[in-house]
Amino acid sequence: MRDLSKYFGIVSVIFLIVMAISPFKEYYRQWRQYQREYNKHIEDLPQRISPVEEGLKQIWVPELDVIDHCTSCHLGLNEPALADAPQPFTAHPPMYHQPERFGCTPCHQGQGVATNVEDSFGFTGDWDEPVLSAPLIESSCGTCHGEERVRHAPVLNKGKELIEKYNCAGCHEIKGVEKEFTPRLDGVGSKVSRDWLVRWLENPRGVSATTRMPNFHLSNRDAGLLADFLLSFTEFPTREKLEPLPGVLQDEIPDSLYERGETLFRQARCISCHLVQGKGGSVAPEIGTVASKASRQWIYNFLQEPRSLQPGIPMSRYAFSSGELQAVTAYIATEFIDWDAPEEADTVAHSPDPNFYEKGLKLFQEYNCGGCHALAGVTTGEELGPSLVNLRKKPMYQLEFGLKDIPHTRERYVIEKIKDPRGFLSNALMPSYQFSDQQRLAIATALLSFQQQPTPAPYRVEQANTPKPVLAGEFGQLVEKYQCLTCHQINGRGGEIAPDLSRSGSQLNHEWIKEYFRLPYTLRPILTERMPNFFMPEKDIELLSQYISLVLRDDSLETEPRLQSTAADVELGRKLYFNNYGCQACHQLGGKGGYVGPPLDNLDQRLQPGWVYQRLKNPHRYQPGILEPTFNLTDEEARALTTFLFAERGNQR
Amino acid sequence: MKLINKITAGRIWRSIFRTGLPSTNYRRSLVILNNFFLHLHPAKVKKSSIKFTTTFYLGGLSFALFLILTVTGIFLMFYYHPAVPLAYRDMKDLEFVVSNGKLLRNLHRWSAHAMVVTASLHMLRVFFTRAFHPPREFNWVIGVFLLLITLLLSYTGYLLPWDQLAYWGVSVGTNMIKAMPVVGDKIRFLLLGGNITGENALLRFYVLHCVILPLVLSVLVGVHFWRIRKDGGLQAESAGRLSEKTDLILGEKTNPRKDESLVHSNSIRSK
Amino acid sequence: MNDDHPVKVEFGDDAQVTQTRVAYVKGDTSIAVERERDEEVMTFPHLIVREVLLFEILLIALVLCSFLFDAPLESIANPEHSPNPAKAPWYFLGLQELLHYFPPVVAGVVLPTLVVVALVVIPYFRINLARESFWTGDVRKKFTILSAVVLPMNIPFVVSGAVPIYSCSAIIYSLMVLPVFLPRGRGILERFRQCALADWIMIWFILVGTVLTVIGVFFRGPEWRWIWPWIDGIYY
């Protein structure tokens, strides 16, 4: 019994100690430690920051179903003085959303309810949504923001752009992205040679480094079968046959015609959109070797009426005369030959596989060529790839990592999948794209913003649904003919390469517009894309300029300030221009100044004072993205500057 | 010291603690007999019965585990909603937010597993020592049911965290019930409150786990103990050695209750 | 328990000092009173201290265990995604393993019911009360009966390919029979010889149950395929 009581005593002491461990651990929990550390840290700072009251902090957003304890340790989020403090006390960079209303995890992901580092970052256990790494953070913007361009989210916007450009929707289900089926392949048999097509199918980038088409890694045999299949389509969608070549183009091309074509090619500014030998725009395909790709007859017909061969493409129809047309064709056909291409092996006549059509069709369908190319009589637009509409929330077990030896996280999966689509499963069919790291990141950001379940209504921002009137009538036809909307916007439709024309009538002088159509000159020398010369007939110029001046107006710009050309105003303007605001840093005036903005010489001939005045007052009113700084000029200053700019003409002459 | 004496001698103290310090054997027996919690014990026990190797205290361990499970279980009930998906969130809350919540859940979990083990081992011990000699046959039967209820308790509790492990572990089991001829589907429906393991199943399992099964277990444990006590304490050590004749200690081989003897077998004066 | 109050069994006539133990004995039970009693000790403190001690040690062990190992918690239940393999709690994995060999009715209903019934009726059969060695009396006859019972009983297991079960039967049968063919007095084999039939049956039952459970826990992977836990890891 005495032994027993000894044990009883010892065990009881141990018992009490063991029972005390848990409260002890509770007292030294990580987040409590951080809070104590924080209070110690801020004491040493010169600024006065109120210490944190010890206790678990929580952000509860019932609408978003969010309970976040992140702020228990991230204590300095709203303290600018802690911008350089060590984590987790660092101040948050500029925040667009208050965490009290939005929580932390809707943007950053991770396990908000957790109260220690490992679990809250979500890299442990079964948490499907670990904290997003910083480069991909903009994907979260896309979960609520459905606008085409999300402010402050350049990576996301870039990604969405790329997804659209590379037509990911051709094979994958993606919400809100339209499928594109150009170029159509009808008539390809009348356009390209077999050798070229085989080379192209084997490795499109090997033929044109800038093409959007990915590499399907086809074997030579498969490429041949597919080429034979495609070449059997010789009829174009809108007409059966190509117009025959004029006689002068059928044989050796005379030098005079070539030279005339070269001049016209320059004047038409084809390289505003097309890349030629490393120079030119990126709006349209590279044409540096087009003569080795397309037949001369096709080029001739295409220049004559682009959309009869490829409906829906944004190529302008130039108003060439038949002579000019011949000259340009002659120039293109002789100049743009791919000298690196292997010798055409037409010594041995090619005899296609007897079942080339069936086999080619099978390949066409297997690789879902119809996802991107329309072809008469073949179904298009099937989504053979997995749906991407819920990639952000897709359960991890549904992501097949297969042979890939990478950390099993969603981010790595997406980025690696874009990088090496076929490395995951041996039978994968997705072609490979040659994106840069930046592009991959942008695409991954956009893809990771896709989730099926939309965020609740008060948090959702949809694309503003302003009506976008379709341009009708003769003006509409001309806009279609010259494909103005490829570069310009009118009433919310069109590209963003060139200025918005929606209110050009209030900006520009009518006469200047006409002159500009006749001979477009370069306003902004640093831009690659320049206004082409369409060789418009006077009739078209008249109609376009009239319509612009009379219809595309904004009355709020009409209230012209009283410009008194007093010497005092001009002098004040000059002082403001050169001294106060240093406009010459970006703009040319009198042969001096920078090249970032357009030159300001002869401003009175080009612009209307109302516009200049308003624009000076608030440069970002109509073009939110432009570089011009907002100086918050007073009415007085804006008027003086306008007066100065319009008066300066006299000094130049 | 004087103060302590004064307090312990005072009316209030005496009204609460009637026995006083157990300084004599009389008082020591009163400690047992006068105490509600201890009165199931006899005032004296056979020395052989309390030897560790006799029983390995397996029955006692099982009961201690049951007590621990009851206490931790009641605490857990404060933090638990038998609903989807709240149930799972409560697990996360226990882990991250509730003070000592993780310990609470871990204790409950491991105690539950331990209780299945100790109860099973207890059964084996009883079997190999033949401790179910008449008149204890039925107490063995009660013991078997206690083991089954222990399993059921553990099983119903398994679903409550509502995680993948719980859900599919339970689904495997409930699918087995389907195999029962004729009534299988009906029983499964009754148990799950539907045809799938869903929110209704969670609620039913919760009620079973927290109310019905613990009640049944408590009652059966009471009966189990009562019978041991009435049958003269542990049979344990003696059982193997006693021939059938010496079994008469408990009043022949006949029903002990028939002879109306007021037997505290171990309170029979030995001398 | 200090020295002033040594704990020992006391006897006395003064009921106030020494507990008076009473036996109200009637009629034919008196014979029991004559019997030599085991040594007895006071419940308090002997038993009570042990109980408290046991409870403390148990709780210490459990708390330490709880600090070392966290209760598992996987992701939230998802009825659309069943893990592979989906395993029941460990104490039912023996049953789940049975499902691998027998149709669900047998594995899920018949066998468990049989086990419960068998357990319940144990104390009502004399054979289970007996403690004498199985090999008493006519060894030859008993051997014949044993073989005649054991072999046919295992035929269903062999037919359904329940390797763990009939292997266990084979092991137990060998252990039972082995001492018969060997001379007496050889340590552990002698203990086997002394073992009662009921004990053998129980040992067989425990062995089968343990083996099935261990297989279910450690040796079964996706699609309930056989795996080696040290190679493929433990799927539990």
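Every chain is named by a letter (A, B and C) in the order it is written, and numbering of its residues begins at 1.
We take it that a residue touches a chain if its C-beta (ideal position, glycine included) is under 8 Å from a C-beta of that chain, and two chains touch if they have at least 3 such contacts.
These figures come from a predicted structure and were not determined experimentally.
K.L.:
If I rank A-C and A-B by number of C-beta contact pairs, which comes first?
P.N.:
Answer to which pair has more contacts is A-C.
K.L.:
Taking each chain's centre as the mean of its C-alpha atoms, which one ends up farthest from the centre of subunit C?
P.N.:
Greatest centre separation from subunit C goes to chain A.
K.L.:
Which integer distance in Å separates the CA centroid of subunit B from that of subunit C?
P.N.:
18
K.L.:
Quick check: how many Å separate the C-alpha centres of subunit A and subunit C?
P.N.:
Chain centroid spacing, subunit A to subunit C, equals 71 Å.
K.L.:
When the C-alpha atoms of subunit A and subunit B are each averaged to a single point, how far apart are the two points in Å?
P.N.:
Using C-alpha averages as centres, the distance is 69 Å.
K.L.:
Quick check: what residues of subunit B touch more than one other chain, meaning two or more?
P.N.:
92, 95, 103, 164
K.L.:
When you check subunit C against every other chain, which residues touch at least two of them?
P.N.:
Residues 7, 45-46, 50, 59, 63, 67, 73-75, 78, 81 of subunit C touch two or more partner chains.
K.L.:
Residues of subunit A touching 2+ other chains?
P.N.:
Each of 22, 126 in subunit A touches at least two other chains.
K.L.:
Mind listing the subunit A positions that touch subunit B in their complex?
P.N.:
Counting only subunit A, the residues touching subunit B are 22-23, 26, 56, 69, 111, 113-116, 119, 126.
K.L.:
Can you list the subunit B residues touching subunit C in their complex?
P.N.:
That would be residues 22-26, 28-29, 31-32, 38, 41-50, 57, 60-61, 64-65, 67-68, 84-85, 88, 91-92, 95, 102-103, 105-111, 113-114, 116, 123-124, 127-128, 130, 132-134, 136-138, 140-141, 144, 148, 151, 154-155, 158, 161-173, 176-181, 184, 196-198, 237-238, 240, 246, 248-252, 259-271 of subunit B.
K.L.:
For subunit A, which residues are in contact with subunit C within the complex?
P.N.:
1-2, 4-5, 7-8, 11-12, 14-15, 18-19, 21-22, 125-128, 395, 397
K.L.:
What residues on subunit C touch subunit B, complex-wise?
P.N.:
So the residues of subunit C in touch with subunit B come to 4-5, 7, 9-11, 15-19, 21-29, 31-33, 35-48, 50-51, 54-55, 58-59, 62-63, 65-67, 69-79, 81-83, 86-92, 95-96, 99, 103-105, 107-109, 116, 119-120, 122-124, 128-129, 131, 198-199, 202, 206.
K.L.:
Can you check the complex and tell me which residues of subunit C touch subunit A?
P.N.:
My answer: residues 1, 7, 45-46, 49-50, 52-53, 56-57, 59-60, 63-64, 67, 73-75, 78, 81.
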